[in-house]
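In the two assemblies presented below, chain A is common to both, partnered first by chain B and then by chain C.
Take a look at the complex of A and B:
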């Protein structure tokens, strides 16, 4: 049943710009570095002996922002598909469990974000090669910088999906999204427990894996809480 | 009798507001049940509860002799529905809209063409629903509700926003469903004329309470007849008839007699003519179902 729901959800996101956004996010992040390195490549290469590492750091400085913004926009789009003509009542009156409906929405979003991360990895690697940063390509680091921020941002995804599915007023999830964006922007100054800091992979212990584990754990928790709340509500 | 829908003591409260009170709805197999009530009487709330969209505050709902709360998914496999305004995905075509439902329902792909043909939308199957008229969207909604050949079809105000020919079309379609496909239909409306023409059983709800539930024939019996006399001096005529032992009623410049057997009417006419009254008109006056409906819902309001 969940497979049927998923194919149906993927059908519904057609022509809504979901795929374009999924592409634009990672492309934008790398494009910023194209500008950066295009303008002052020599200067940037002087900054460090580890050219690949320095480049990855530059790319990563924008990844969390793009992720958080992307999550806010995609979740809001996702909810708007059903909200627009109140199709929730039609969807829930089908022989499906509300849990699976929620799960399918979450899965579609997670797939899109994951796809974004894959693109980010490809773009980062490709532009790195174009820049000719040396033969010692840090493959593991590229993978980490591409997927860790996504895994660390799962709680934000779960929270945004929850807020946008249960809000009658879509101004609420958008406000949450903007606040999240500002918090992510100021990640450096935030304490470690704030979920919007996690995608930056920063923490006091300087251990990115800690953010990933926290992200997956708290993400699951927030997902379950949101799902239970969603199933208990009446459909208007 | 086998009931497809049976609610016991169902109530629904929204905060302090009570939308539905102790509803005892019974719908037998093969019926077209007209669910009638003014706007805001609790029709849509009831229908939402029948579909499991809302949980009743108290009471139990049984569909196909199964408890809705425990067997929601099993039950909904046999139920098609259209609740209030049609829901659709405007950025998708009519075909894709049905495909999104079909995938979840897991029925064969050719059903889409079949239902599109039933509601006569096959020509616009590949157009985006965004540009559809309300009537077309409504028909698309009905098509969606028929996809899985449901045993129970629940339609909430299905003719809303349709033009007269569309209304007739949908009406004819609904009428054929029980005989052709063995469906049971629950159709709600705030217009009695609508229900009158298709329903076999009627439930009238007002202020959240079911005040009438019986066959349409029983409802029609309430439409008792009067004979009205229009005469030159109605007050005198009324006094004359009363003094002769007839049950007469003065209404503006007419006199009404409730017993309208031929003998009584002849007697009344004779009396009036003999008294020198000019009798302009003697008419049968049948209370319309609308009036009964208004009267019923009004009485309830007064109480």
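Take a look at the complex of A and C:
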């Protein structure tokens, strides 16, 4: 059943701009560095001896921001597919459980975000090569900077999906997304327990893996809370 | 014209717009308190530094993004179950509908600016800033930031009318707003990027001589020019839109 639901969800998001946004997120993050390095490459290369590390840091300064806003956009988009045509009722009237409906929506979104992380890795690596930053390519760091922010942002994905599926007015989840984005932008000033700090991979222990583990754990928890709330609500 | 404005106002009152408006001062409070200790380091400049820090986050990212949400809320009723048809079947011209909606979004942005001003005052009072409040500078900044959103609101209203879903115009907004973070660091490109203008107009360290914090030429060409472009684009699109 869940396979069929997933297939139908993937069919529903076709030709609506989901894949375009999934591409634009990582592309935009790297494109900003293309402009940055295009305008003042010499200055930026002088800033550090570790050109690759400095470049990855520059890319990573935008990754969490794009991720948090991307999550807000995609989750709201996902909910509005059903909201716009009042299709929630029809969807729930099918012989499927509400839990599986919620799970399939979450899975599709997680797949999209995962795909954009893969793209981010490819783009980061490719533009790094174009910049000719030296032969010692830090492969592990590129993988970490591409996938860790996504894993650490799973709680935000779960929360945003919850808010947008239960909101009639999609202005509310988008506003929540903006506020979360402001928190992510100010991550440096936040205590470690704030979930919007996690995608930045910063913490007091200076251990990015901690954010990833917390992200996956709390993400699952928030997902279950959202799912239970969704199943108990009346469908309008 | 007045009747149209009233009907828009009634729709707005049922749109749960208040939580969205309150997010403005919320951001103000958050930044104001997060940065309290740094602001206290310099005596004699407490107001100046508090406002400078608060504006940095608020004007650079929050204000351009929230204009898009407000523009989307204004078009929400019309996108649901054929509302455009019902509205335009009334004896109103499309041009008037567009202008009224635009003015209403501007009013909401002004409200959010005033609420933000309130949060500045509250942060100052709670942090116990005893210096005289720089009234003129702050009003310049609040109204300047408002003026700088005119073109942004016009584009967002256009996009909100164009797309049925809420997220699509917001995605356009995000794509155009995020580069501001880089653009404001550039002396060459910063003055020409419309989405960086709210920041420039609210940046209280700017040019003190003019009415606002940016030169008149920049205000007229960048803000004015992009306003004319986006407003006419949205206006003409709406005239031809099939409902």
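Simple rule for what comes next: the second predicted complex is superposed on the first by the 236 of 236 C-alpha atoms of A that agree within 3 Å, B and C clash if a C-alpha of one lies under 4 Å from a C-alpha of the other, contacts with A are read in each partner's own complex, and residues count from 1 in each chain.
The definition used in the following text is that contacts are C-beta pairs under 8 Å (C-beta built on N, C-alpha and C of every residue); 3 or more make two chains touch, one makes a residue touch a chain.
Quantities reported herein were computed from a predicted structural model and do not represent experimental measurements.
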Practice task
Mind checking the superposed model to see whether chain B and chain C fit together on chain A or clash?
Solution key: fit
Problem - First, second, both or neither for A:36, with chain B first and chain C second - result: second
Practice task
Tell me which partner A:84 touches in the superposition: chain B (first), chain C (second), both or neither.
Solution key: both
Exercise for the section: Return first, second, both or neither, reflecting whether A:136 touches chain B, chain C, both chains, or no partner chain. Expected result: neither
Handout entry: Touched partner set for A:69, first chain B, second chain C, both or neither
Key = second
Problem - Partner chain(s) touched by A:205 [first = chain B, second = chain C, both, neither] - result: neither
Handout entry: Dominant toucher of chain A (residue count), chain B or chain C
Key = C
Fill in the blank from the handout: Apex chain A angle, CA centroids, chain B to chain C, rounded to a multiple of 10 degrees, is 80
Practice task
Look at A:21 in the shared chain and tell me whether it touches chain B only, chain C only, both, or neither; answer first, second, both or neither.
Solution key: second
Practice task
Have a look at where A:11 lands relative to chain B and chain C in the superposition and call it first, second, both or neither.
Solution key: first
Exercise for the section: After superposing the two complexes, find the smallest distance in angstrom between C-alpha atoms of chain B and C-alpha atoms of chain C. Expected result: 10
Practice task
State which residues of chain A lie in both footprints, the one left by chain B and the one left by chain C.
Solution key: 81, 84
Problem - In the complex, chain B residues that touch chain A - result: 48, 51-55, 72-77, 79, 81, 83-92, 96, 99-101, 103-106, 141, 144
Handout entry: Residues of chain C that touch chain A when the two form their complex
Key = 15-17, 19-20, 23, 26-27, 30-31, 34-35, 57, 61-62, 65-66, 69, 72-73, 76, 79, 164-168, 170-171, 174-175, 178-179, 181-182, 186
Completion exercise
Per the touch rule, the chain A residues reaching chain C in their complex are 17, 21, 24, 28, 32, 35-36, 39, 62, 65-66, 69, 72-74, 76-77, 80-81, 84, 169-172, 174-175, 178-179, 181-183, 185-186, 189-190
Practice task
State the interface residues of chain A toward chain B in the complex, per the touch definition above.
Solution key: 1, 4-5, 7-8, 11-12, 14-16, 81, 84-97, 234-235
